[in-house]
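Dropping the structures in below, format is structure tokens.
In the two assemblies presented below, chain A is common to both, partnered first by chain B and then by chain C.
So, the complex of A and B:
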């Protein structure tokens, strides 16, 4: 117990408290060398983060991006899991192929799609071939947001697939057989047998997926660089630029702490709602 | 999760600081190793490794000590390394820094100011191309950076296309540039007078800086107290840069989404007659392309658009003082060894080897003279270095650079539509100006 608590304190509590402390001091390029003597400025960084900085815009973007990508990736992942849950030809191969986008490192995914999304790139060529226009600049301006959503969904839907498949594997075949005896349709089987049984793993997958999308730094950074177009200046990129490119470590820390608090509230409410934080006997009650 | 990593990064730095404070970094004065942080060269990785090995051997022969090179692949990696080392008081003894990052490095107080005695130990300031010292420090008494290479910016033009169009010489004024480019533009053939890279993360701010200074403006007041990004001169400079595409139509509309490599590719494919804002690093690509033997370098035009001569206060700013400096960490206990390294790496022979291996120009004056003699094609760029203008030496420079880049980045959708809104540009400049002013104010406290 004690070693666990000590580890928790060292790995979680101490960094968090120091991040909070950094948010209260004016730590920048001018005070970095003598960081212990950086001026204490109270709530100034937090006020700046919420009022004059671009954090509110970035926060809104990140929330929208996270919810949208999760909403799109979930049915794709669920459907993919259903296709390989039963006995299907080459099931092992298909399962492996499904994981390819997910296991490619994010920086490689970003670099690859940056090439594909060029005006003369493969994406526009395919769109032109399909008669869907295709002269778009996907990496600048408002279309950049949709490019980011598309690439992120492509790279991450397999996470939902994995969570759903792991849940599907735990469903007893007796339930399917009982449903078959009742003569239910495929959709009724999904609706009344599969989805209720997947509630736990899928809910956990939705939470983790939303958080992963929200915190995705590598993909937008590699795809669009910094400074990013306003449409994709998501919070992680904004905080990186604030902290490490213009050296406003105090302001960056304040933005991080605020983001954590803002994220923690709905996450906690959701956890309470789906009872994932409850003890097994409570959850089953 | 990224958001949660900001704290741990700080913690790591703080913990390292504690460790370093107790341990002192582990390299005493009698130590036989000097740690040097150097950028990897993406163009010549193998050649660079071989060159670093040669330097190690020469250093060993000169001092009896070993050199340990640590590398970084990006500006972000470099900055993170520097930030961590400065906070912890432990890390490389010597850093290779880009010239535009040197003012920020100076502001951190993490590097040693060189005394007259220090300069004498590395051959004195006379050893160097004078302009290359422009980004060594805020003034001669407070210099931290010793120049090791220069990368002056100029333009390259297609001599065959110039001859075919009856243009005798490269332009020396921007109106002349626009006129030449207009003559050379044939949209039906996919050929344009110039290639530009509006989406590049590094080049656009240099255009704005150049047009601003040529037009008599400044990005920061000379006393380093006032940000001037919201001034009419800067707004006009942004307009001049955008007008090359939207008003004069001398660049491929696709250049809105191009980075430097794509602009260079357009030039090497014979699709553009001129390419401004290039450095000697472009030579390998040019030599391996369809325009080999049909190109020449020239300094950038030095008279701003719409003017027959520079207005009062206008500077002949064609290129920033660009290249790399070497700085000694303030926490090092190996200062003498570090100075020996600086002496070695800025000596004529090593500078010539460095230049010939990696395609940069020497900062050593004698080596630069010999390079100009041996490679006449580079002479215009070496001449450009002689008129290089240093960027403002302030810790707020990162804000200025990123702010100007952001103005261009956020204007790209408008450029895609062939026009831009000056009022929107002014709003972006005002926002950037506020951030630079904030940094200047913090610097002055």
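So, the complex of A and C:
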């Protein structure tokens, strides 16, 4: 039993501390193999990350991307949960099918949309048939940002759906029946019965979803490659490129430590909401 | 109101329309993936949406175009080994965390949860540095081996599996174990004979999630592997990026390979759906 605790400490705490240390040394492909001898350069990496590097741009992209995708996925997930909470035909099947895009590995999702978003691909075909024009630059130009948002929403809205559905299942039938007796419309039921009851699980879901979108590396990396087009040079991809393609490992580490400091705000909110401890004798603590 | 389904909030007709729209939204791209996987490469490259003929040979030819065979074996071995190791240690760790009170227990739990929000590259960098220098300091080449990949996945799979087991062990009443202890079982005995047999659904969830850490990963494998230890995910990513330079982009085969990598995961979910869905929600269990 104890080996589990110890191993967990070793494989998690040690890399974590090393990551912080890496931010303070000048580490490139030559010093990497002998990093104990790499020169200590103080805050230079952090200063460079915040001033002359492309990190501020990436950070802005990542924050807006994470907030935007969560904001779009939320109403979809909520509506989806409402559609299968009551008795509907083939409810089990519908619930399973809703999960499919979420379950498919993101590298496969990336390959799929990479093909669909080609200049001659299906997305443009459909858009042009609808008279919406389309774009030849979904994967390379400024519209890439919107392509990434759309694909990520498609791939991950079901997370919000799952959170909302598990929340809906805790609302007692009496609440709805009371509302029915008062003769309220379905919209009032959503507004005054469902949403207030879902506030807890849904707000946790929103925070978690924002964090996951912020940290998503696979989807932008598979869709656009690295170096990424400027419009989709999100932070995880930028750090990857800085570290493993430009070989500025120290700078990459400094960037990821800075990212973590920013992530600490939503992560702290999340921690406060999660039930860390369920031991009855400590319930009051 | 008699006979009305109180849990159905939306009006029936709107409900039906919404389900139809959502299913179309979800399924049209997926069906496209399947359709394109049997479409001749030249058709897709030429911009035809409907295949001129069904090219099932995409599924035969793709094995030569990408090193898919070795990729799938690598993915399977690495993901499975790291998942099994993670679950074994997670069971021990989670048992300590739920049954004993000790200094640092709450921070420990907090770290487990916090780790779910740490960007992967943050932990990948030090792992890569340590593994690269293993050659210098220990004379042991690690980068490019399956072992390196397994160790790296453990960094992510172990906390995840531990948290899943923690949420599961809480549901098992301690009175059962107290009875076992009174009957002369050791602590390890209660874990092995009482808790483990009761918690296999939790262990399945932990195992599947830990497995998916490896199976779905691109970033770690793309720096930790050599061409012959590459996982299927990286094979696909490299194939996808290199494809556009070719005379006829082999999109059909790319889709075939994508379908092949997705099917096992979708099947896993369908098989264990009941347990997995509750496991997904466990991360956001509210207090």
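Everything that follows uses one rule, which is that the second predicted complex is superposed on the first by the 249 of 285 C-alpha atoms of A that agree within 3 Å, B and C clash if a C-alpha of one lies under 4 Å from a C-alpha of the other, contacts with A are read in each partner's own complex, and residues count from 1 in each chain.
The criterion applied here is as follows: a contact is a pair of C-beta atoms (placed from the backbone, for glycine too) under 8 Å apart; a residue touches a chain by one contact, two chains touch by 3 or more.
Small disclaimer: the values here were computed from a predicted structure and weren't measured.
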Exercise for the section: Look at where chain B and chain C land on chain A after superposing the complexes, then choose clash or fit. Expected result: clash
Handout entry: Touched partner set for A:215, first chain B, second chain C, both or neither
Key = both
Problem - Touching partner for A:253 - first (chain B), second (chain C), both, neither - result: both
Practice task
Identify the partner contact of A:244: answer first if only chain B is touched, second if only chain C is, both if each is, neither if none is.
Solution key: both
Handout entry: Contacts of A:140 with chain B and chain C, given as first, second, both or neither
Key = first
Handout entry: chain B versus chain C as contact partner of A:16, first or second or both or neither
Key = both
Problem - Which of chain B and chain C A:228 touches, first, second, both or neither - result: first
Exercise for the section: Considering only the touch criterion stated at the top, classify A:270 as touching first (chain B), second (chain C), both, or neither. Expected result: second
Problem - Which partner, chain B or chain C, touches more chain A residues - result: C
Fill in the blank from the handout: The clashing stretch of chain B against chain C, among 4-12, 184-192 or 202-210, is 4-12
Exercise for the section: Could you give the residue numbers on chain A that contact chain B in one complex and chain C in the other? Expected result: 14-16, 18-19, 22, 32-35, 118, 120, 211, 214-215, 217, 225, 235-236, 239-240, 243-244, 249, 252-253, 256, 259-260, 263
Completion exercise
As the complex stands, chain A meets chain B at residues 14-16, 18-19, 22, 26, 28-30, 32-35, 52, 118-120, 137, 139-142, 211-212, 214-217, 225-230, 235-236, 239-241, 243-247, 249, 252-253, 256, 259-260, 263
Problem - Complex contact set, residues of chain B against chain A - result: 1-4, 6-8, 10-11, 14, 17, 76, 79-80, 83, 86-87, 104, 107-110, 199, 201, 254, 256-257, 330, 395, 398-399, 402, 405-406, 409-410, 412-413, 416, 434-435, 439, 442-443, 445
Fill in the blank from the handout: In the complex, chain C touches chain A at residues 1, 4-11, 14-16, 18-19, 22-23, 25-27, 29-30, 32-33, 36, 44-47, 49, 88-98, 101, 106, 108-111, 113-123, 125-130, 132-133, 135-137, 151, 154-155, 158-159, 162, 170, 187-188, 191, 212, 215-219, 222-223, 233, 236-237, 240-241, 251, 254-255, 257-259, 261-262, 265-266, 269-270, 273, 277-278, 280-281, 283-287
Handout entry: Residues of chain A touching chain C in the complex
Key = 1-5, 7-8, 11-12, 14-16, 18-19, 21-22, 27, 32-36, 76, 79-80, 82-88, 94, 96-101, 103-108, 110-116, 118, 120-122, 125, 154, 159, 162-163, 166, 168, 173, 176-177, 180-181, 186, 189-190, 193-194, 200-201, 204-205, 208, 211, 214-215, 217-218, 221-222, 225, 235-236, 239-240, 243-244, 249, 252-253, 256-257, 259-260, 263, 266-267, 270-271, 273-279, 282
